[in-house]
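Shared between the two complexes below is chain A, which has chain B as its partner in the first and chain C in the second.
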Partner chain A sequence: MIPRRVVIVGAGPAGMSAALVLAEAGLRPTVLDENPRPGGQIFRQPPEGSAAAQAPPKDATAQHGAELVKRFAAAGARIELMNLTSVWAIFPERRLAIGHREGWQVVAPEQLVLATGAYEYTPPFPGWTLPGVMTPGGAQSLVKTWSVRPGKSAVVAGSGPFLLIVAAQLAAAGVDVRAVVELARQSEFLRQTPRLLSSPGLLFEGAGMLRKLRDAGIPMLWGHVVCAAQGENGALRSVSVAPCNQDGEPERTRARTIEVDTLAIGYGFVPRIELAQLAGCELEFRDDLGGWIPKTNSEGESSVPKVWVVGDGGGVSGSVVAELEGELAGLAIAERLGCLDSATVARRKHPLLARLAKLRRFRLALDTVYRIRPGIARLAAKDTLVCRCEELTCEEADKAVGFGGNDFRTLKVMSRLGMGPCQGRMCWPAMMRRIADRTGHSMEHIGPSRFRPPVRPTTVGDLLQLIPFEDHPEPAGASARGAR
Partner chain B sequence: MRTPTPDVLIVGGGVIGFAVAYELARRKVKVQLLDKDLPGRATSASAGGLWPVGEAVGLGCGVIYQATQAAKRQAAGELENAEDCDDGILPAPFRDLLVASNALFPALAKEMLDTTGVDMEFRTGGGLLFAVYDEQEQAYVERVTRALPAGLHFERLTPEEACKFEPQLTRELVGAALLAGEHQVNPMLTAEAFKRAALLHGAQFRHDTYVTRLRREGDRITGVETEGGFLPAGIVINAAGAWSSQLAATAGLACPVFPVRGQIVLTHALPHALRACLSTSGCYIAQKLHGEVLIGSTTERVGFDVSVTPEGIANLCRGAVRALPLVRFVGIKRVWAGLRPGTEDELPILGPAPGIEGYVNATGAFRTGIVAAPMTARLVAQCVVGEEPEMPLAPFLVERFAKRELASTAG
Partner chain C sequence: MSASRSPASAEGSRPSTNTSRLASLDRSRAVRFNFDWQELEAAPGETIAVALLAAGVSSLRTTSKKGEPRGLFCNMGVCFDCLVEVDGHANQRACQTIVRAGMQVRTQRGHGYTDVAPELGE
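Let's turn to the complex of A and B:
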């Protein structure tokens, strides 16, 4: 077992900023990340030497991200980065089971920061398992990281400002983007303008993205949903798009068909709470923050002392908030470990808290506009797969719900939903809302999915190779810093 | 005074509690089951193996339990070497109980499917195959073979025969022994089926109800105290599994059950790779109906701690790879742990307790709760309604512990 003072899981904006604060305070934090290079999903760095790596950052966010990654790399040996490393379990007393190619080991930090981020939310609808249907993030990763177009023509659909970014990136990569289909209604957006003006910079950025789409001739369909996707020869051929009411219920009679080979669809993000749950953190349901999240105090400490949750993994709020949260937690931990005095911490905390409060007003407006509406939970048809791992249809799942499967464990026993490798990551966020919609039970009654280790892919054979990490001389991040 | 159809409260919503509720409800007893979802319920961490003879002779996790116990006693200087340990063969009445209970499953599974719609996933397979790694284990097999009565067949296989029977089995063994009539079910669906059948017969369930104590008035249990208040009952049945001892103690009753943690590993689904369930000295392995391979199980006395440990799961994986090399490359779906209701003599605690009215034990099923549930429930129900139990209860009464204590003091 390897002792460490502070371990941070995730090298996205929240994890990196927490690490930077701690490194400055002289604590040499350990950062574990699955990717070859730091940056997380939002600031993911393209493979070294690739065409994408040569291109300069395109927008303000990317520019900021590049700077953050640079600062992180510049910290050198003051941060121990273990990349290509995943955490697949948390045992009592903050003992992390970490795995990578050579085997596994147990790392036990005094303080644990979970900055695990979020994943995309795509509730099931007819045709959603067709090849050519993907999440916006998946489409983005293809064009941005790998310089591969996902298809010739695309519809970008779902909800949230992320759709605008992806649509613009697909268009810039030469994909014929036929429409952006947005669940939210433009009138509600306009109604929120006063609150949105609290962060004029962000509002301006959003307006810029909309203008970019208009200039590219991409229609923006507010108050619409993709209610089905049709395939031919096992690939996507077209999507049905219909206007919807306040509840997100489509008017199918007014549906139109758009022929495309690619559908990028996502309704926002779901916090990745597996590790927080394994660590025993108390959870609460916050629809506005993406679903079930760990309860934290204003500095990010969870209900379990010495376990901190920052960034989207503690509630989806975007990279700007994530960075501030990372910094706050970093300061609190440095103070706790006696590396920063309380006066310094208080002085540095103040502006961060003020900025967070301001951003919260903006968030609140966005959350209202882009809220998940119940109609989305009703899109699946009888034969639509709702649990892809176990190939369970909506009809079978509904039957089990009617049979009393109103919480994760019972439904799993009754129907095998969530029994597969994803442990309910993909199906449960949609299924819990469907259960709420059909039964009227509260989300607290329905509850979160129950994660068990391993939460990242691990084989039986992996467990036979305990690696001596004590001798892991140079943090694997050396290459990312170009320091070796 | 015991009324002919007393009101019964069952404390504990595991497979035993549900089965007892079912047996009582279908005897027209007004029964209510109280349950609190505490972490570590043994039913949800069971392999679902129906290995009546295997369990009675110490296969399944019995082998692992014996090894753990022997190592402990050796360390404590009680044994010269591990071989001197008793061989884990349990008394005949326990074996008879398991065999009789197991025999109920085929009809029970059909009845449950017909009446509740729940498939317990009862499936017959190749039996239970004990992989014999060395001479010491061979000697154990010989002792077991001698101890078994006629009619219970323990088939000895050479390594070649074993590998022909089970092609994925390791070649590194000195032989194998097969119990052909041993099968498996899905433990969670078995419990669910009992629960639904009980509901159909009019039983009532109160979930999320924590029983804080038994109420005792003189030499009688009159009901239970819950977080929501007092619930009166003619008879209270202690089916609280690993928590039974604590519950009994609230009324000053002895029910010497202790939690025995079992960690298990479940792999991703594989194509059909195993005919039989495997039992080895390192672990047991059962491929379930949907293809997952279940690797069990540690036996640890660590109180109510339900965490999995790195050492525990790594040892199980090591044991599994040794017995079945192909699992090395298989992904782990999940690992978790449950608390078996253990007893010192490894037998269940059933029936009334001496000197107290209105109280019945249905606990201490240790590692055989699933296979023992149907017959356990019958015996307990018969005892409650005053029928003659169809099998002798005496070997399972709690007073055996007091007697043993007396005997040891006298000796």
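Let's turn to the complex of A and C:
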């Protein structure tokens, strides 16, 4: 077992900013990340030497991300970065089982920061398992990080401002974007304008994206949903798009067909809470923040002392908030460990809290416009798969719900839902809402999914190799293992 | 859709020369690998999923119960839908696995191993 003072899981905006504060305070934090290079999903870096790596950042967010990654890399000697490293279990007293290509080890930090981020929420609809249907973030990463088009033509659908960014990037990459299909209605968006003006910069950024799409001739369909996708020879051929009511229920008789080979579809994000759950953190359901999240105090400490949760993994609020939250937790931890005095921390905390409060007002307005609507839980047909891993149909899952499978564990035992390799990450966010919709039970009654170690794929062979930790980690920036 | 055992069966999408790369591949730096007994090229540092997509392959496996094709979905390692067989190991996430020279990648059928059984017996 390897002792450490502070371990941060995740090298996205929240994890990087927490690490920078701690490094500056002289603590040499350890940062674990699954990817070859730091940045997280939002600031994911292209492979070294690629064309995309040499291109200048395309917008303000990318510019900011590049600077943050650069600052993080510059702090190299004061931060212990272990990339291509997963945490596959957390045992009592913050003992983390970490694994990578060479084997595994147990690391026990005094303070643990979880900055695990979020993944996209795509509830089931007929045809959603066809190759060519993917998440907006998945499609974005293809063009942004990998310089490969997902297809020739695309519909970008779901809900949230992220769709506008993805549509613009796909179009710029030469993909024929036939439409952006947005669940929210434009009238609601306009109604929230006064509150959105709390962060005028962000509002104008959004308006700019809408203008960009209009200039590119991409139709923006507010108050519409993709209600089905059709395939041919095992690949996506077309999607059905219909107007919907306030609840997100499509008027199928008014559906039109759009021929595309790519559908990028997602209705916002789901916090990755599995490590917080394994650490024993108390959860609460917050629909506005993406579902089940760990309860934290204003500095990010969870119900389990010395376990902190920051960024989207603690409630989806975007990269700007994530970075501030990381900084805040970093300051609190540095103070706790006696590396910063309380006067300095108080002085530095104040502006961060003020900015967070302001951003929350903006976020509240966005959450109202782009809220998850119940109709989305009803898009699946009887034979639509709800659990992609176990190939469980909606009808089969509903039947188990009818027999009392109203929580994750019971439903899993009854139907195998969530028993596959994704461990319920893809199906449960939709299924829990479907259960609520059908039974009227509260989300607190239905509960979150449950994870058991290993929460990352681990082979028996991996478990036979206990790595000599002294040889690891390699210095920050060493990504040779990834290129091998 | 039936899951045929023959290596070059009609899976919807086979490698093609119709590339979807934004910049053409620098052949001198390209990493050569094998997909279903065909030689393909990837850019250095590229994942299997990206290299296959660039070669026009969108279907990566067929499911065990219904034999349905699946491809890249989340592209961040969460959904486990892009599973392929790599050098005889089934259930490898194509979106998380970086191409190495000489890598043997196979479309995964069901839980895998059907086509690599002889290799496992070595």
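Please note the rule applied: the second predicted complex is superposed on the first by the 471 of 484 C-alpha atoms of A that agree within 3 Å, B and C clash if a C-alpha of one lies under 4 Å from a C-alpha of the other, contacts with A are read in each partner's own complex, and residues count from 1 in each chain.
Basically, contacts are C-beta pairs under 8 Å (C-beta built on N, C-alpha and C of every residue); 3 or more make two chains touch, one makes a residue touch a chain.
As the structure is a prediction and not an experimental result, all values here were calculated from the model.
J.: Check chain A with both chain B and chain C modelled on it and let me know: fit or clash.
T.: When both complexes are placed onto chain A, chain B and chain C end up side by side without any clash.
J.: Spot which of chain B and chain C makes contact with more residues of chain A, would you?
T.: Between chain B and chain C, the winner on chain A residue contacts is C.
J.: Just to be sure I read the superposition right, which of the two partners does A:132 touch: chain B = first, chain C = second, or both, or neither?
T.: Only chain C; A:132 stays clear of chain B.
J.: Where does A:421 make contact in the superposed view: on chain B (first), on chain C (second), on both, or on neither?
T.: both
J.: Considering only touches as defined above, state whether A:95 meets chain B (first), chain C (second), both or neither.
T.: Touch status of A:95: first partner only.
J.: Which partner chains sit in contact with A:457 here, chain B, chain C, both or neither? Use first/second/both/neither.
T.: both
J.: Could you tell me if A:151 is touching chain B, chain C, both of them or neither one (first, second, both, neither)?
T.: After superposition on chain A, A:151 lies in contact with chain C alone.
J.: Per the contact definition in the header, classify A:6: touching chain B only (first), chain C only (second), both, or neither.
T.: A:6 sits against neither chain B nor chain C.
J.: Rounded to the nearest 10 degrees, how wide is the angle at the Cα centre of chain A between the Cα centres of chain B and chain C?
T.: 80
J.: First (chain B), second (chain C), both or neither: which does A:143 touch?
T.: second
J.: After the superposition, what is the least C-alpha distance between chain B and chain C in whole angstrom?
T.: 7
J.: Can you give me the overlap between the chain B contact set and the chain C contact set on chain A?
T.: In chain A, residues 420-421, 457 are touched by chain B and also by chain C.
J.: Give every residue of chain C touching chain A within the complex, in rising order.
T.: 1, 10-13, 20-23, 29, 43-47, 50, 53-54, 58-60, 63-66, 68-81, 83, 91, 93, 95-96, 98, 100
J.: How about chain A: which of its residues touch chain B in the complex?
T.: For this pair, the touching residues of chain A are 89, 91-92, 95, 97, 106, 403, 409, 413-414, 416, 419-421, 423, 452-454, 457-461, 463-464, 466.
J.: Mind pulling up the chain B residues that touch chain A in the complex?
T.: 44, 117, 188-189, 192, 265, 267-268, 290, 295, 305, 307-310, 313-314, 317-318, 320-321, 327-336
J.: Which residues of chain A touch chain C in the complex?
T.: Going by the criterion above, the answer is residues 34, 36, 41, 47-51, 119-120, 129-135, 137-139, 141-143, 146-152, 173-174, 233-235, 272, 388-389, 391, 420-422, 425-426, 457, 482-484.
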